[in-house]
Amino acid sequence: MDSTLFHYLDYAVYGTAILVMLIGFYGTMVKKSLLKIVISLSVIDSGLNLLIVTIGYYKGGTAPIFSPGFLKNFKDVSKMVDPIPQALVLTAIVIGFGVTAVALALVIRLYRHHGTLNIDEIKNLKW
Amino acid sequence: MKKVLVILLLAVLGYYTAATFFDIGFGQPHFIKGLEPVKDIYLAQTVKTLKVSNAVTSIVVNFRGFDTLGEVTVLFLAVTVLGSVLYKKRHEVGERSVLFSASSIVTSGSKLLFPAIILLGAYVFIHGHLSPGGGFQGGVIIATGFLLMLLSYENYSVSHTALSVVESLAGITFAGVGLLGFLHGGTFLQNFLPTGVLNNLFSGGIIPIIYIAVGFKVGAELTGVIYTVLHEKGQSNG
Amino acid sequence: MEMIHIIFLIFLGGAVLTYFAGKVSKVLQDIFFLLSVLVPAYLFFANVGIGKEVTLTLGGITLVWGVNHFSWLFSLIVLGLGSMAAIYAIGYMKGKERKGYFYFNFILSIMAMMGILLSLDLVSFFVFWEIMTWSSYLMTVYNGHETQRIGIKYFVFSAIGAYAMLMAIVIVHHVAGSFMIGSMINFYPNMSLSLQIWIPILFLMAFGVKAALMPLHVWAPDAYSNAPMAYTSVFSGALSKMGIYGMVIVLVTMINQIPQGFWFREVIAWLGGITAVLGTLWAIKQDDAKKLLAYSSVAQLGYIIVGIAIGTELGMLAGLFLAVMHALFKGTLFMVTGAVEKQTGTTNFTEVTGLIRKMPWTFFAALFSIIALAGIPPLGGFVGKWMLYEALITSNHYLLVIVIFFSSTAAFLYCYKFLFGFFLGQEEKEWAHVKEAPVVMLVPMIIMSVLMFVLGTFPGLILKPINSGLVDLGYIDTFKHLWNTSIIFNAWGDHVVLQPILYYIIAIFVFFALFLTWKGHKTTRYVTTKDISSSGEVPAEDENLTFSVGFMQPFLRAVAPAMRRQIDKYYTGIADGLESLFEFMRRIYTGNGQTYAVYVIVFVVVVLLFKSVLF
Amino acid sequence: MIYFILICILFLLMIGASVYAIIQKDLLYAVMATGIISLILSILYYLLQAPDVALTEAAIGVALTTIIFVITIRNTVRMEDESDKKEKFKSAVK
Amino acid sequence: MVGTPVLFIAIPLLAAFLIPLLGMIWKELVRIVPGLVLTYLLILAINLLNHVLVHGPIVEVIAGWVPPIGINLVFSAFSGFLVTLMIFLGLLVWIYSYRFKRNVEYEPALKYFLMLMMLITGSVGIVLTGDIFNMFVFIEITSISAYGLTAFYKGRNSAEASFKYVMMGSIASTFLLLAIMIIYSQLGTLNMADIARKIHLMNPTLKIVSYIFFVTALGIEAEIFPLNGWAPDAYAEAPGPVGAAFAGIVVKAAVYAIIRYTYTIFDLSSSFSFLIIIGMITLIIAETAAIRQEKLKRMLAYSSIGQMGLVLVAFGFGTKEGVFAALFLMLNHAIIKSLLFFSGSYLVYNSTEKNIKEVNGMSKFLPVTSLLFAIGAFAIVGLPPFAGFWSKLSVLTAAADSNMILIMVLVLMVSVVELVYYLRVVNRIYFFKKEADTKPHKPTFNALFVMLVLGAIILLIGFYPDAVTGMLHKASASLMDKGQYIHNVLSLK
């Protein structure tokens, strides 16, 4: 019983991450407010980061830290989860934050110029 | 109409992405058999050569230290871009916006908390190679400390010059340590200090130095971000 | 450093030097200009031996330049006419702005034409072809704002042609493994049938554009009439011959080798014939001398194309002879028009009349070239046309003979119009102050008129080089044989049988001219157009009563159905349609960032859905 | 079993929060929802044996990102279609 | 010792961190230091390129870990050629804008030069790196600087353009990370050479999906048709020299990435025809969109997109001739399009709308600039004797050698369209009467110098293509030889 449930859970992790990403995409493409678009972009990032960390996870693994306790008890490196995706996500989160900050600055400037955040009204550049 | 189209498109995209990741599988080693994944080497070398307890730190700072240098640069650039995008001439700079008027409990509370938060941040990035955490986390914590002060004190201000000096010095330290490694051992970011004993504070060679630099840099940069955005008082059709 | 390289370097350096010399002194600029056209011309004829080849490797491609008899013939046209036009241009351009620009492009186009003739490999052929195109394009738009549509039309047609040629070149390189013209010709019989058909078509597209072959001719009248006249004489006289040059090579070396070649030649010959008729009809309709000559050029090129498309020895001979003559008389005519334009400021027949007394020498040149154009003995046009008729009849193209005959008869109408419109007719007060053109402009015109006369009387002088050129192309040397069968030549090969008759004609001509002048001088009274009265009514000052108004209306009404449909309009329609399509296309970029995001997802989804097809 | 339900609740909460963040008209609440997403994320990271990432996410996602969003909202508009309403209001008055 | 590739990254980063400090000492240093850095890097790049052309590629290891473990940089004839080109253009952009931005205050100037330098560094990093995640980081560095540079002017539209760019850029990085993770989850490595060695073991479906995600992500940066909505706006709203930098540097880096993935990393044989299809669509749509543009820089932007499409088509032939043609095209495009952007931004300098109409009759006021623009226009449509002709000829030759007659026809037809719109502008410059009352702005000495250098290069390549073809042949050979690449990187001890 438990094992089947947990089997479904396996899919649920990926499913949740992808679903969150898709919700973010939906917001990016449908929502009219610039701020909402930036929020959606950060939602995409959240889903993506979860997905990446999930790839590095092994069932029953331990955090990739050789603490004194670990060294005493386990000493089995293969029981550790994969540290590389974690390192990558660390980078990705920081970069994502930088991009979000830039986007928000642009939103502020657009609002200063146009007096609105509706993306349909901000299209002086076309064709 | 557009919504339906978008949902349909996303459904297809989601189907393919999900199928791909279900193919990969969850929770067990998914590398193709017979290959030697790099992570095994990383984990082995972390303890053996670098004498660092936190494998993530060893990857972020040493194996893939180049990424981190880039990442720090991205933040540095973000601050630059932010300043450029929101740049105003001197006489246009107005009051900074105040989110809420803090009560005296909050102000004195944050005054008390501030040193503690800074200390915590420092602790986190100094111990980055031993325990979870590191330069980024510590830097962010320091930045939140400044954020707290900025929010609770209307007149609290951070010296812009000081921020950029700290930021630059930290950056130079990072790149400079890398170049020193280059001069010393022939490759960029190469370790040129004794690695010490595993799980000691002074271990891991240049890793703690770099992480401390990163901590200062990230802290200064994020404070700069908040500070710049805060100075953008709402005004439309300016 | 070979002589050919030196010639090109002089051209190139001369062009640049001339351009910058204008910043220092106008006279210096003129001198540089003349030198950089005349010196290479002298060097070429004096020092470059026929059959010599020089090579140069650029970008991994071997460029080979050399002269054979055939290209030598065309070099004669280019450099001869080019030198004459260059001398003329000194006078023509005096006091005009953008002199440096004019001289620069003039020298470059002469250089490019020489390059085309000397190229033995396809890459340098194409390079010089394109240089010729853009330098002549820059001349077309010399007059500014209004000409830009015309210029773009010219360039687009040329570019389509040139790109077709480029495609052919690249395919040839792929198949034959070399860019040499010689290896293309050698390899041609081994190509697949579709290539054997397509490669000539692609080449002919390029050459057809330059030779103003229907339906690719629509650029020509506008371009010819809008370039400065000093250049148009080269443009129409020599530059269009590059198309003829290419056509001859394609027709002789490739199309003649395949069984479908017969149809190719028929189609081209008929297109040439139709071009001739339509060009003539349109020329008659024009009121502007430049336009008239431009359409006339199109028609004349039609004759030449008919001649070379027939492909028999006599046809070839006729076509090439006409090409040389066309260069002479059309060059002169455009110079005449330029002189009139320079002295009066307009070239419209309905405005300028009666210049014969003001500009007698110009009239002399015009008279000679008109006679040559119309094909009246003793000038060269007659010989050429005679040979053309003979070639058509001997190769059983009776219908074409009728077409050509109709067109050349109709040509009399516009010849007359030109001559009468400018020079004869009543004198207007308005033009009383007009003086004869400067000597610099007269000298080339007179030289060329004399040449026309000489070549018309002694066609053997030019037929011999033509013949040796044809021998180079692979025709058997039929000089003696042909001379015997043809009516107009005697057995010695260089004099016309009709010579005694010609002399009589000349004598009568001269006599009547003298008589009329002497007699007329005494009895005639000079009147202006307004010096008339009918039914007691005196014409108002602003009424235009010049002879040329409504000239030949009945004739034009008769041929109106043939002229109603203009190919030009179809092209304009296509261009407009394309532009509105493009206007619609660019609306893909809606300006909304979200739409662009949707595009990204659409791209990913489409590629994912079709990944089994794509990958 | 409890563990299973806990994780399921976390997942559902996360999806719910992201949907809420997208559909909520009040941007301030939407930003709060992203903060909640980050919070859940950092718990999940912790469960997935990634304490470093959890720490970073907690610090950056929960605190910093939310705060700059809030400041931006403070500087622009709070409601998603506020600008529309303003114009409608103006035209109604006229 | 000729120097090592890592200096291309380390020196500019060090300088970038130093510049704010130096600016406190003497403000002018903010402008000077980036130029010094770029000059140094150019010398270094030329030295290294000469070395590499003779002795074979240099593989640089970072942090002392040999390639499958650590990050590495590869300076081969191919990447070295691109790096040299980028730094050269970057230096020109710096010279051009040194006085262009004279009237700008201290702080924006500081930021402008910082962002410009990081834009170049990021692009150079993309080209040099041998690690796919490291490439992601460099792409982000490049994009963020590009966002900032796009929004540099304070007009209302620049922020709009930049925001669109940010949206697309974020989506791009999402797909890029997904693709990287798919590869990583299967092969357990991030090193390009290592991946290339092992990729045949991968499940084909996963391989294709990750390739598609890669192409989508990089295609957004490389302006492939349905993904390039941001590009015309960004080009049109960024300062003139930055437009040149985008066309000459950023896009080249993105195309390099696509090519590296297609040629070296993945072993999908059909990906070449995929490149041809998307390249062709991009070429056609962009060139037809360009013909109806009302603004000069937008027109140049669309033209640039179209040229990139052509480059992809040429790479898609998959033959050595194709690669050679594509590289030649990239070189020519970088030089010519920069010249067009440089001279074009002076032609419409003082106008607010930057309409094509504003260039009417400019030849009277700015003769040299106009002449250089005309040379650029003639060169880019491939008229001999300018540089563009040789690349066009080599593209067509490569197409014929691959039996792609249809491609040839389409390319030539599109060339006619291109010709028409460039001619229209040149005609306006030379033959129209000036309408608008905007005052023409004389180019500064620096700008004139840069434009003349570029014009001279165009003529040089046009008359003497051998100046570059030898190098290009070596570069294309180095790209085609996948086995050698893997060997060079992985045999390090």
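A, B, C, D and E are the chain letters, set down in written order, and residue numbers restart from 1 in every chain.
Here is the rule we use: contacts are C-beta pairs under 8 Å (C-beta built on N, C-alpha and C of every residue); 3 or more make two chains touch, one makes a residue touch a chain.
All of these numbers come straight from a predicted model, not from anything done at the bench.
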Graph separation of chain C and chain D (steps between touching chains): 2
Of all other chains, the one whose Cα centre sits farthest from chain B: C
Chain pair with more C-beta contacts, C-E versus B-D: C-E
Chain whose averaged C-alpha position falls nearest the assembly-wide average: E
Maximum centroid distance from chain A, chain identifier (CA atoms): C
Rounded Å distance between chain A and chain C, as computed from the means of their C-alpha atoms: 70
For chain B paired with chain E, centre-to-centre distance based on mean C-alpha positions, whole Å: 30
Chain A and chain B: spacing of chain centres that average the CA atoms, whole Å: 16
Touching two or more other chains - residue numbers and ranges from chain A: 13, 19, 21, 25-26, 28-30, 37, 51, 54-55, 57, 63-65, 84, 86, 90-91, 94-95, 97-99, 101-102, 104, 106-109, 111, 113-115, 123-125, 127
Multi-partner residues of chain C (at least 2 other chains): 586, 589, 591, 593-594, 597-598, 601-602, 604, 608
Per-residue multi-chain contacts in chain D, two or more chains: 50-53, 56, 60, 64, 68, 72, 75-76
Full enumeration of touching chain pairs: A-B, A-C, A-D, A-E, B-C, B-D, B-E, C-E
Parts of chain B lying in touch with chain D, wherever the complex brings them together: 54, 56-57, 97, 99, 124, 132-134, 136-137, 140-141, 143-144, 147, 151, 222, 225-226, 229-230, 232-234, 236
Touching residues (chain side chain A, partner chain D) in the complex: 2, 5-6, 9, 12-13, 16, 19-20, 23-24, 26-27, 31-33, 35-36, 38-40, 42-43, 46-47, 49-50, 53-54, 56-57, 61-65, 81, 86, 89-90, 93-94, 97, 100-101, 104, 107-108, 111, 115-118, 121
Contacting residues of chain E [partner chain A, same complex]: 133, 137, 140, 143-144, 147-148, 151, 156-157, 159-164, 166-167, 169-171, 173-174, 177-178, 180-181, 184-185, 190, 232-233, 236-237, 289, 292-293
Complex contact set, residues of chain C against chain E: 57-60, 123, 126-128, 130-131, 133-134, 141, 144-145, 147-148, 151-152, 155-156, 159-160, 163-164, 166-167, 170-171, 173-174, 579, 581-583, 585-586, 588-589, 591, 593-597, 599-600, 602-604, 607-608, 611, 614-615
Residues on chain C engaged by chain B in the complex (per definition of touch): 598, 601-602, 604-605, 608-609
